[in-house]
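Next come two complexes, and both contain chain A; in the first it sits with chain B, in the second with chain C.
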Partner chain A sequence: MNIIQLIINGISLGSVYVLISLGFTLIFSVLKFSNFSHGGVMVVSAYFGYIIARQFGFGLIPTLILTAIFGGILSSLVEVIGFERLRRNNGDIMLYFVASSTLGTMLQNIMAVTFSSTYYSYPTFFKKPYFELFGGTFTIPVSDTIMLGVSTTLIIILMYIIYKTRLGVSIRALSMDSQTAKLMGINVSVVVFMCFFISGVLGAISGVFLGINYVLYPQLGQMVFKGFTASIIGGLGNISGALFGGLLLGLSEVLLIYFVGSGYSTAIIFILTIVFLIFRPQGITGKIVSEKV
Partner chain B sequence: MSFYSSLFISICITSIGIMSMYLLLGLSGIFSMGQAAFMSIGAYAAGLMAIKTGLPMIINIPIAIAVGMLVAGFIAIPVIKLRRDYVALVTVSFGEAIVALLNKLTNLTGGSLGLNGIPRSMNMPLAIVIVAVCLYMVLNFKKSKYGRQCLAVKSDEISAAAMGINVRNSKMLVFVLAGGFTALAGAMWAYLTTYVEPNSFGQKLSVEWIIMTFIGGSNSLSGSIMSAVILKILPEILRFADSMRIIIYSVIVLIIINFRPQGLLGERELSDLFRWLKKKVMGSHQKEQKGGNS
Partner chain C sequence: MIKTKGRAIIGMTLAAVLALSGCSGTTGQTTGGSTENESKTQAAGGVDVIIVGGINDLSGDGSVLGNAVSNGAQLAVDEINAAGGILGKQLVYKAYDNRNDGTETINAYNRLTDIDKAVAIIGPPSSTICMSLIEVSSERKVPVLCLPSDPNVTVNAKTGEPYPGMFLVAQPNAIAQAQLMSDFMLMNKNKTKAAIFYDTANSYSTISAQAFEEAWTQIGGEVVSVQTFQTNDNDFKTQLSKIKQSDAEFIFLPNTTPYCVLIVQQAAQIGLELPYVGAMDMANPFLSLLDNPSICKEAYFEAVAWMQDENLDHFREQYKAKFGEEATVKSTSGYEQVYVLKAAIEANQSAEPEQIINALENKIKDLDLLTIKGYTQNGETHAPDNMEMVICEIHDGVLTELGSYKPTLFD
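Here is the complex of A and B:
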């Protein structure tokens, strides 16, 4: 095992974390709560992708596209069931927390009931699972490369949507001040709905990648906390923060697992997060959403 | 030990856990998603003391509570400074980290096999006494100066601080207290089942507790404890699969959040019912007297 190879693995794992953390950074910036149901959407979409890849023999790209659409619809459904009414009644932030964590647990347990707690693994999409560079000095998994490529493309598309389109302007306006945005003629319901759709798309794709990387099991949704940690490190509710945080987390996790083993790496990352929160609660990028009177 | 008495003790344990959730969620608005980790700390502390030193339960349980409070004090240092979202994250990853550590430290904790051979010293009268003492403490805490400060902090941190309440201190106090209660629940659990393993205290248990607290109404102590008792007994009668049970609870919670966000009981407590009944009885009595006079 080479250090450069570890770094490459870390970056591609980090790119998946970036996808997860972008998925709820989007929701956080608009509705100002952490969407724990994102993990549930991820898991259900990962199973969906598994089914269409196994049963119908789709390749990787069609699987990704179909799963992304499925995830988007599922996530919008979650919004309608869980948060639509709360939003209309100006519910307390605590209720959003409870609703989202309940929805996440519920989706995971629905998967546990339907598929029981056995492990499934995705079919191999590639004939040759490894690239060899420089006559075999580095071996890079093809899935890692594709993960990196797809995530980068998605991130660029998301950046384009946020900074160049009309929808993006509405999202940014809503994240600054929802009341004023409403007065300026932005249809808040539609924008929130679209945010959930986009975050579902991101979540679904990260779910498929996690399924390919590890195995499928109902508790895969816990991975959402990696994305959460990533956005804390980067700065909550901040898109560039999610980018930095995800990459940093992926890298440090791969290195820690290589050097100290997987059991301790969870604890070390927890301690690092705490230290980070004590000394720099606003994250790397430095914006913080402070409470106003 | 018969099925009913062990069910009864496990209800008592859950009620103590729910009291800690009530302190956090209902009184001070701290959204802890890893409270089950403190239960595992209490269970392991009591279990290790019992196995390694052979001391009686009466000494081990206070030690377990102290360990729980100590760890809660450390976790509280970042928790009291942060926004609610961050608190949820810190507590979640704390729970994950504890489960991972307990699995990893095989020499001390027996890894995923768990700890075996804790004496079964928990019995029904003792459980009732412990629950009664806890309930008394929580009720008085709610009525005390500190409890009222916590309520103020919950409804608005900034104006509470402007009124001269030390927000951080009151949050710290509640977090440490809740850690102690949960560790007590864990220690009781260890002495009930004689066996502890790390994976029974995962995030699932924490979410289950949140759900129980919210169904009854997170602002009402009697409401949340009643819903804990009911939700603990129902699956024993109906015999659901474990995952099915969680799905049904989740549906109930979603309905309650959407249509009755304050929970089933709202802010009402059992004592209000007694007061109302007393008034009713006294009132009719007075009327009768008046009727007799005229």
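Here is the complex of A and C:
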């Protein structure tokens, strides 16, 4: 197969992982824990998007917008229920991890009980599912192209928020030191709430695209582990790392499946993740910074 | 601080318990129908009942098929009870959810045999899961009537002896299925080059792929591409792109229904338009799970029954009235399994598990069932003998029947 087609496939797959890891990375950068409830938010939002697209016949853009708002609200609720008290009482980091895993599992199981494990297909939003370049030499799925475009746009918007807005300054201050940020007058609760809202928006959009690309079922939220892997590769807590990590993970998977087979690709990706954790724990784009007293 | 930590821990534990209780349990779980039956029996003061167990995936990845089998079995039990039961006793169907997990399956089997005193089990449609019951059913000798396509589930590959407790009922095994489809594609569709795309982590998928490759090459066909994936993989575009670049004239997809849906959808996304050849899992609800069924332009698969047959009208009506959904082929399989069990109990006039095993091995011959005429259970293979199948075609998203078919190129 043409290597360029493989790269196209890899970037398409990677764009899914970028979206997932963005929401994941944002929470890690602020609260320093891996928020596995992100998977639960993704899958609940995906079901919400499915329902409104089916029941009301909305097109892709309205579905994405409404689902994004829903995901933001859901994620904020998750923060209030699962993490706010821990944060106020300086809870141990392990408790955050337990809370996030439990909430993620609970949300997925609520979907399983409500909708059963039957697979559902999102409505077809595109008249033609793919387009061809150079007389059919390259085939590019339409959904993947749109997903890549949306991922890129969201990253730009997120970078703008982080680096050009007061909220972004607050987020960066909080990610450095929450105590000092509080002392400097930053309302930590509001900033954390907004981070979860933004993370929920990102999770919801990734959930809708996962539902479009694949099928909708309760265990779809386990794709959050791909986002986690992408974050490790790119650099936990680093927004640009989420982009590079997601694309690199997608490319690696496609190339490994093509040259080695799907059976070994998962194992090799796992080994690569361990290697990153051992030899470059800060990821590709992260930096190890010594804290000065 | 300690109080707050304690509250946090209690809160997390409660949340974990809530999460786990959201899952279907394997203990003490019965279907609504079986609870009703139990109540009726108790209300009548009758304590002499025959317990028929059910172990199926009712909430996991395979619940589409698992629920169909279990519901079909429940319907058969209700019918038999309405007609007076078996040997003057009412049947009680106790269904447990194995969530497509081997450990849960064994736990359910142990509970059904030790506590519920089931005389037989209507087992799972998954070969991988059925394998987890081989050892325990051989020890306890409570027969499992199940639907594994893998012949290694019913017969020990090393010794050639059947496992005492395992029976493939109401469906041919993977080898028979593969021979039928390869014969049909060569003789009727004049295809000679096949691609195979299967799940290496699924016993049914693996054995079906191997059986098809052997059968296809035996009759002169060529396998030009073999691609694999693993259970829980979601993206198949790389493998499908490789198939697109090969000379394949059709793709053999021996995968469970959800994966057939994923593969067909993603093939459409990359412009792959080859015909598909499925085993039995392209029967409904496959088409209903596709948002746009017309993306499946050409497909052929085999089924034990054609659901639109007028002989099944009453069955379909009863099923829809009771369960609120359309009956599928797997529903008829669960239904037939209970009637085969009934025949076995009546043959030896005994509901003792070992007597049932004896009857299944020796006395189920030329039995006329709802969808299968002249059904015979082979005592040496614990599988049906020479079962005819129906070939179905999907053309531009429309399902039609091509009639019964038996292979001609195989002995």
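The criterion applied here is as follows: the second predicted complex is superposed on the first by the 284 of 293 C-alpha atoms of A that agree within 3 Å, B and C clash if a C-alpha of one lies under 4 Å from a C-alpha of the other, contacts with A are read in each partner's own complex, and residues count from 1 in each chain.
Quick note on the criterion: a contact is a pair of C-beta atoms (placed from the backbone, for glycine too) under 8 Å apart; a residue touches a chain by one contact, two chains touch by 3 or more.
Nothing here was measured: the structure is a model prediction, and the numbers come from that model.
In the superposition on chain A, A:I274 contacts chain B only, with no contact to chain C.
Of the two partner chains placed around the shared chain by superposition, neither chain B nor chain C is touched by A:I156. Shared-chain residue A:Y264: touches chain B; no touch with chain C.
Once chain A of one complex is fitted onto chain A of the other, the partner contacts of A:I61 are absent, as it touches neither chain B nor chain C.
After overlaying the two complexes on the shared chain, residue contacts for A:I232 are found with chain B alone; chain C is out of touch. With both structures placed on the common chain, the touch criterion links A:F97 to chain B but leaves chain C unconnected. In the superposition on chain A, A:I4 makes contact with neither chain B nor chain C.
Of the two partner chains, chain B is the only one that A:S34 touches; chain C does not reach it. For the contact definition in use here, the residues of chain A common to its chain B contact set and its chain C contact set are 82, 85-86, 89, 91-92, 95, 98-99, 102-103, 105-106, 109-110, 112-113, 222, 261, 263, 266.
Residue ranges on chain A touching chain C, taken from their complex, read 1, 5-6, 9, 12-13, 82, 85-86, 89, 91-92, 95, 98-99, 102-103, 105-106, 109-110, 112-113, 116-124, 129-130, 132, 136, 139, 141-144, 210, 213-215, 217, 219, 222-223, 253-254, 257-258, 261-263, 266. Partner chain A is touched in their complex by these residues of chain B: 25, 29, 31, 33, 77-78, 81-86, 88-90, 92-94, 96-97, 100-101, 103-104, 157-159, 203-204, 207, 210-211, 214, 218, 241, 243-244, 246-247, 250-251, 253-254, 257-259, 261.
Listed in rising order, the residues of chain A touching chain B in the complex are 28, 33-34, 36, 81-82, 85-86, 89, 91-95, 97-99, 101-103, 105-106, 109-110, 112-113, 222, 225, 228-229, 232, 236, 261, 263-264, 266-267, 269-271, 273-274, 277-278, 281, 289, 291, 293. Chain contact summary for the complex, chain C toward chain A: residues 1, 4-5, 8-9, 11-12, 15-16, 18-19, 22-23, 59-64, 67, 200, 228-230, 232-235, 237-239, 241-242, 244-245, 258, 261-262, 265-266, 268-271, 285, 289-292, 295.
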